[in-house]
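What follows is subunit A paired twice: with subunit B in the first complex and subunit C in the second.
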Partner chain A sequence: MIGLTLQRREQPLPGGQVRAVLAGAFIALLAGAVLLLLSGSNPVDVYLRMADAAFGSERAWSNTLSRAVPLGLAGLAVAVAGSMGLWNIGAEGQIIAGAIGGAWVARVLPDADGVILIPAMLIGAVIGGGLLAVIPAVLRAQLGVNEIITTLMLNEVILRVVRYLVNGIWKDPGGSGFPQAPLLPDQSALPGLFGRANIGLLIAAAVLIGFGYFASRSKWGYELRLAGSSEKTAEYAGISLRTKIMTVLTLSGAIAGLAGGIELTGSSSRLVEGVANGWGFAGIIVAALALMRPSGVALVAVFFGAVQVGGLAIQVSGVSASIANILQAMILFGALAAGVFTEYKLVRSSRSPRAAVAA
Partner chain B sequence: MTRSLKTLLSLLAVLGLVAAACGSDDDAGGGDTKAAFVMVAPVGDAGWNFMHDQGRQAAEAATGVETAFVEAIPEGGAEFDDAVQQFIDDGYNVIFTTSFGYMDATEAFAADNPDVVFEHISGYKMNDTNFGNTFGRMYQPRYIAGMAAGAATESNKIGYVAAFPFPEVIRGINAFTLGVRRVNPDAEVEVAWTATWFDPTVEGNAAQALLDAGADVLTMHQDSTATGQAATDAGATFVGYHSDMSSQVGNYLTAPVWNWTDRYTDVINAAKDGTYTPESWWGGMADGVVDIEIPSESPVAAEMQQVKDQIIAGEFDVFEGEILAQDGSVMVAAGEKLDDGAMLGMTTFVEGVIGSAEG
Partner chain C sequence: MSSPPAVELTNIWKRFPGVIANAGAELRVQPGTVHAVLGENGAGKTTLMNVLAGVYRPDEGTVLLDGVEHVFGSPADALDAGVAMVHQEFRLIPTFTVAENVALGSAPPVLRRREIEEQVADLAKRFGLQTDPRREVWHLSMGERQRVEILKALWRDATILILDEPTAVLTPAEANELGRIVAAMAADGRSIIFISHKLDEVTRFCDEATVLRGGATVAASLPVSSLDAPTLAELMVGESTLVSQRRVRNNPADPDQPVLSVRHMTVHDIHGIATVDDVSLEIGSGEIVGIAGVAGNGQRPLADAIAGLATPTQGSVRLEGDELGGAGPNVRTDAGLSYVPEDRIGVGLAPRLSVTENAMMRTYRTMGAGPMVDFGDARRHCEQLIDEFNVKTGGLDAPIAGLSGGNLQRLLVGRELATSPKALVAAQPTRGLDVQGVAAIQEVLVAQAEAGLGILLISEDLEELLALSDRILVMREGRIVAEFDAETATRAMVGEAMAGSASKREPA
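Let's look at the complex of A and B:
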């Protein structure tokens, strides 16, 4: 009996991940065309509309890049931990913690100049996200508690905290009883750049490029990857795993926190419960598409942002939300799945492994 | 990486050019009025967003104006901004934003787009030119629904599954309870908070807890029919909300319902004629935006009809004293009526409600 199995390639395909992502997305678009035809839309029109909304004008680019900011930072947060073999599933919560940190600074310094207030809020956000990640970091480094579980569950905890703040002690006294935090001071809004993009884009780009460079070139980054590929080798080489786990998870949370700070100062007028908006979970997909390499996150984030912007635009033009969401999911799934084939190939195999060896 | 980076960048650029060349043929909209609706959850087949979509369709038929909608757009996120901007770019010049959390963002869009009429549902902000708000006095039919529930209960305990401790929700619970105790002074209304607008599992569990506590009539302030299912399964009576749920839920008694058609028609026509003036429009049963069907099988059907007629004629106010608060103190003194401000900012329960108004 003949079947198909995945076999690791001796050499990964050249051009690798970028080509795979595009090929996977393309196959998904073909499959999506069937779906669109069945639901009564013209696939060509729909796809042109998606591309136009994501890349067709300056404003389209500004929409796409604005989304790439939280996606990229959340993706970087996950990838930083991932390059050491750690799973930070808590970026969603760390974004909220970052927004809380930023909002707290705005409460303490409501009259400060924007030049002081904005950086202070962003620092508050970095600290907020980092602090939330310290908990799983310590538990993992000192007690070996699985960080997947702890980071995941802290998402729920911090969601309750922000709900408590917004509905309780931070409730807007001028909001006629509505459960919402007060408006942020006007001068806390991040200055605009072009279209809908603000300088959060520059901050995120600096962090992503800087970190990508640092992670691939520095001794620190090398040790990180070494620890990720083999703990024993890393320990033998004199790397303290505990310190590494502590710093990496905390740093991961701090980066996610920065995303929360930029969302708060950039696109929100007040602290709201939904500030994280799923960015943190999307960051896991971004990091996976980037193969956990910090240097690849930025491009993937732009791609992901474009898919989101395009998906919404076709909804506006009459494609139902469910179809638009399925289409987005198919594109991302196609890209993820195609990534497998850069390192693996399909081979025919007979059922008996011994026969395969003999052949 | 750098080579593949260049590849992807150039691909994106090409895509952008292609899209720019192909798209943007629909920009020259002319002066036609087109109305768009932004909804926070899927339109579905019952609930808040369903009724807005019913209103949209009926208003489209009544005005002959083209309409479109997007659903499942989170509050306070980039999706809202993208969707509204896309509608504006596509020439929509009347935009209804139908969830409370859209308020700040709608206000900002109204300031930036003076030629577009924005009508926000369930908030309190407005400007002088192109941004108003609309809501309905749901407490009026809630009171009448309470009468039906009060007459139906034998255990003298009525369960109320409620979303969030907003003034709107608290006002509804209070009005309902006043109606219950008008016909049955011994009955009490027990509240279970779910902290969700639409989560059938959570709402079903809350409903079950109320049934276990002895309730034999249930009602709710939610978007799903889970409470009705739980009531039916337990053989209890169900008083709905939002829409006529008789076809979806057994043991259905009646429901206070929304009907947005006339209001939407008026706003669209005013925008079309250039006579739109922003206001804080809070319509009642007299305007038709809220309503309730009188269940003929109810022993108090005649009295319900009488109250309905009185409310429509402006002869009866739900929140007219004397009304005692939950703790027994006087909430509204005899002979006094709560004004709109006090009703809109209501944060405490009346006597006869079991549970905390803090959530």
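Let's look at the complex of A and C:
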């Protein structure tokens, strides 16, 4: 009897995770091509148009990069927690909390100068996102409550809060009944850079680079890597896991909150219910594909931004924009599936044990 | 012999990267008997049982059940052939009832709850397993959960049951209960393989014993009635090795100047069992004090509690007279107490980090100003360690996963000594190393003792203890039950105390 079985590798394949991500992207593009063929389109043609819409001009780049900003920050938020083995599934809610924090600052300081108002709103956003993450952080650090559940559930909670705000006490009296907060003051808009990109791009890049540098060079970052590698080793080295969990999860929420602040001041003119727009959930995919590394997060975020922009562009020619969502999801599936081969290899199995081991 | 043995494992070889777990191991179990498999940690017991239970495929060797050769591709194959294993970590679903857990995976497509509960109750009654099939598992004690695991095996009609250190989680009363259950199953014609460290249980519960050492069988199917505990201990620990000849030190130890003193220390585990029970000991400057004992008698929690990794329920640790109280592990290191833990990778060293990152674990707090680490400094420190302790690496930035056991341990021991400690707790510092590696670590320990370091050496290797220590303390069931002068002690004397014959602590 001969078949194929998975056998554990003696050592993980060197560079296997990066290869798995690339293989996943490749498999996803192939599978997407099959879907496009089935729906009657020429896949090469569609992919070329998507690439052109995402990278073909300055305007295309500005679209791609301005989408990469919330994706990158949300991805970083998830990756910060992930590098310690914690899963922050609540970036979506923390983005909303950040937007609420920023909008609150704008309500309190409506007449402040932009130079003061914008930083103040962003700080408000960081605090808002961080505060929402403090709840799961405390529960996890002090009581061992699974942070996956708590961060996920808080998404629902904060969504109800923002609905309450835009339908209730923050409802725009001049909004002819629409559930939306009043327009933000004009000076709160982030200055533009080029095309649709605004200085939110510079802020996100600075945070990603700065955090990446800090995480790799600081004592704090070293302790984070140590705790992520082995909790017992971290305890042996005298690192308090509780403190670490608290700071890491709170920081994770704060970064997601910043994404909410940039969205609020950059892309929308008022606080709306849909401010998070799925960025927080997409951030989980970004972080997973980036293998929880800040440097990888930036790359994957730009790539995902491009896929989304491309997906919107091909809509014009009658191809469903859902192709972008399908591609994103399939890249993750492909990478996860290919990831198996970093730990396992396929061997031909037979009933003879010696042959199986030698294969 | 009239009928073939129920289990016959012949010439089993199993190699893992860098380790030979089984080197021609043999096992022969007669039907209807309780067969003990003994050996130190790393002797290859678990690997051999995993081969029998279909978890591993042997590189070489044959598995015969009732005289018929079997090749298992998976644990399910083994189960079909009647082999079931009760692992140390129970595999039960806490929110399911006893009956649901028992039937899980082998229930008929249409569940008749009442019927299954009755069948489970009948089965339990037949073998004297007291349990209520309708209770949810999370209510149950460890002993009761183990009975559910045994019921699972019986439910699948296993004729060969492997119990992997079944008494490790049990209270003495529960262990006696288990003895009765095991006897009932053997009387029913089933074969029970009983893996244990505890020699008295083997003599009480088992009919025959097979002893493994270094992956090979050193004694097969000995009738336990003809054995006493010291002989079994002797077989497990083995003959003296070349590397472990008594090492003479130049400076005599100075027990009047204690560097480390532990007073009335008691540690409870999560089940509330006192794993360390009122232990007091003192280590002088330049003295090596050995802790002997069969694995699982409290050596690990004792070491962890001294190093600040476990919180003792009572007792004190003093370093040169200064009470360490609730100080954390790094505070203790800074005060001059170093720790080489039993688990090199996963406690002492972080598996996914680089050589440099592992080398800086004790000193990074003072490397570089403010919040940043001076990695130049860290690399210099690492190079020094590598140089001084002769560690062979694939480069400073290579992950430590690529290092051999001996090099890992040199790096770990070197790092712990680089802080110039006054006292060192070394747990199983040479276990699993090759001859050269053992010699290198032992030389380092002796040289450090000569320089005045007080060392608490915890080892399962009696030869090593006799060769290196000034005094040997024997731990059994969390207590120090005997003390010997290593100069005059013999293997037999220490082995007897480990196994439980000598119960009084005699002055050295």
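By definition in this document, the second predicted complex is superposed on the first by the 297 of 359 C-alpha atoms of A that agree within 3 Å, B and C clash if a C-alpha of one lies under 4 Å from a C-alpha of the other, contacts with A are read in each partner's own complex, and residues count from 1 in each chain.
Keep in mind that, in the parts below, a contact is a pair of C-beta atoms (placed from the backbone, for glycine too) under 8 Å apart; a residue touches a chain by one contact, two chains touch by 3 or more.
What you are looking at is a predicted structure, and each value in this text was computed from that prediction instead of being measured.
Looking at the shared chain after the overlay, A:242 reaches neither subunit B nor subunit C.
Judged by the touch definition given at the top, the superposed model places A:233 against subunit C, while subunit B stays out of reach. By the touch criterion defined above, A:225 reaches subunit C but does not reach subunit B. Touch criterion met: A:217 reaches subunit C, while subunit B stays clear of it. Once the two complexes are overlaid on the shared chain, A:272 sits against subunit B while remaining clear of subunit C. Shared-chain residue A:318: touches subunit B; no touch with subunit C. Residue by residue along subunit A, subunit B and subunit C are tallied for touches, and B comes out ahead. Of all the residues in subunit B, the ones that touch subunit A in their complex are 1, 3-5, 7-8, 11-12, 15-16, 18-20, 22-24, 36, 42, 68, 70-72, 74-79, 81-83, 85-87, 89-90, 100-101, 104-105, 108, 124, 164-167, 195, 341, 344-347, 358-359. Taken together, the subunit A residues at the contact with subunit B in this complex read 15-19, 22, 48-49, 51-57, 59-61, 63, 66-67, 163, 167-168, 176-180, 183, 196, 267-270, 272, 274-275, 277-278, 295-296, 299, 302, 306, 308-309, 312-313, 315-318, 321-322, 325. Against subunit C, in their complex, subunit A makes its touches with residues 5, 10-11, 214, 217-220, 222, 225-226, 228-230, 232-240, 349, 351-354, 356-357. Within the complex formed with subunit A, the subunit C residues making contact are 16-17, 57-60, 71, 73, 307-309, 328-331, 333, 339, 341, 343, 346-353, 357, 360-362, 364-365, 368, 371-373, 375, 401-402.
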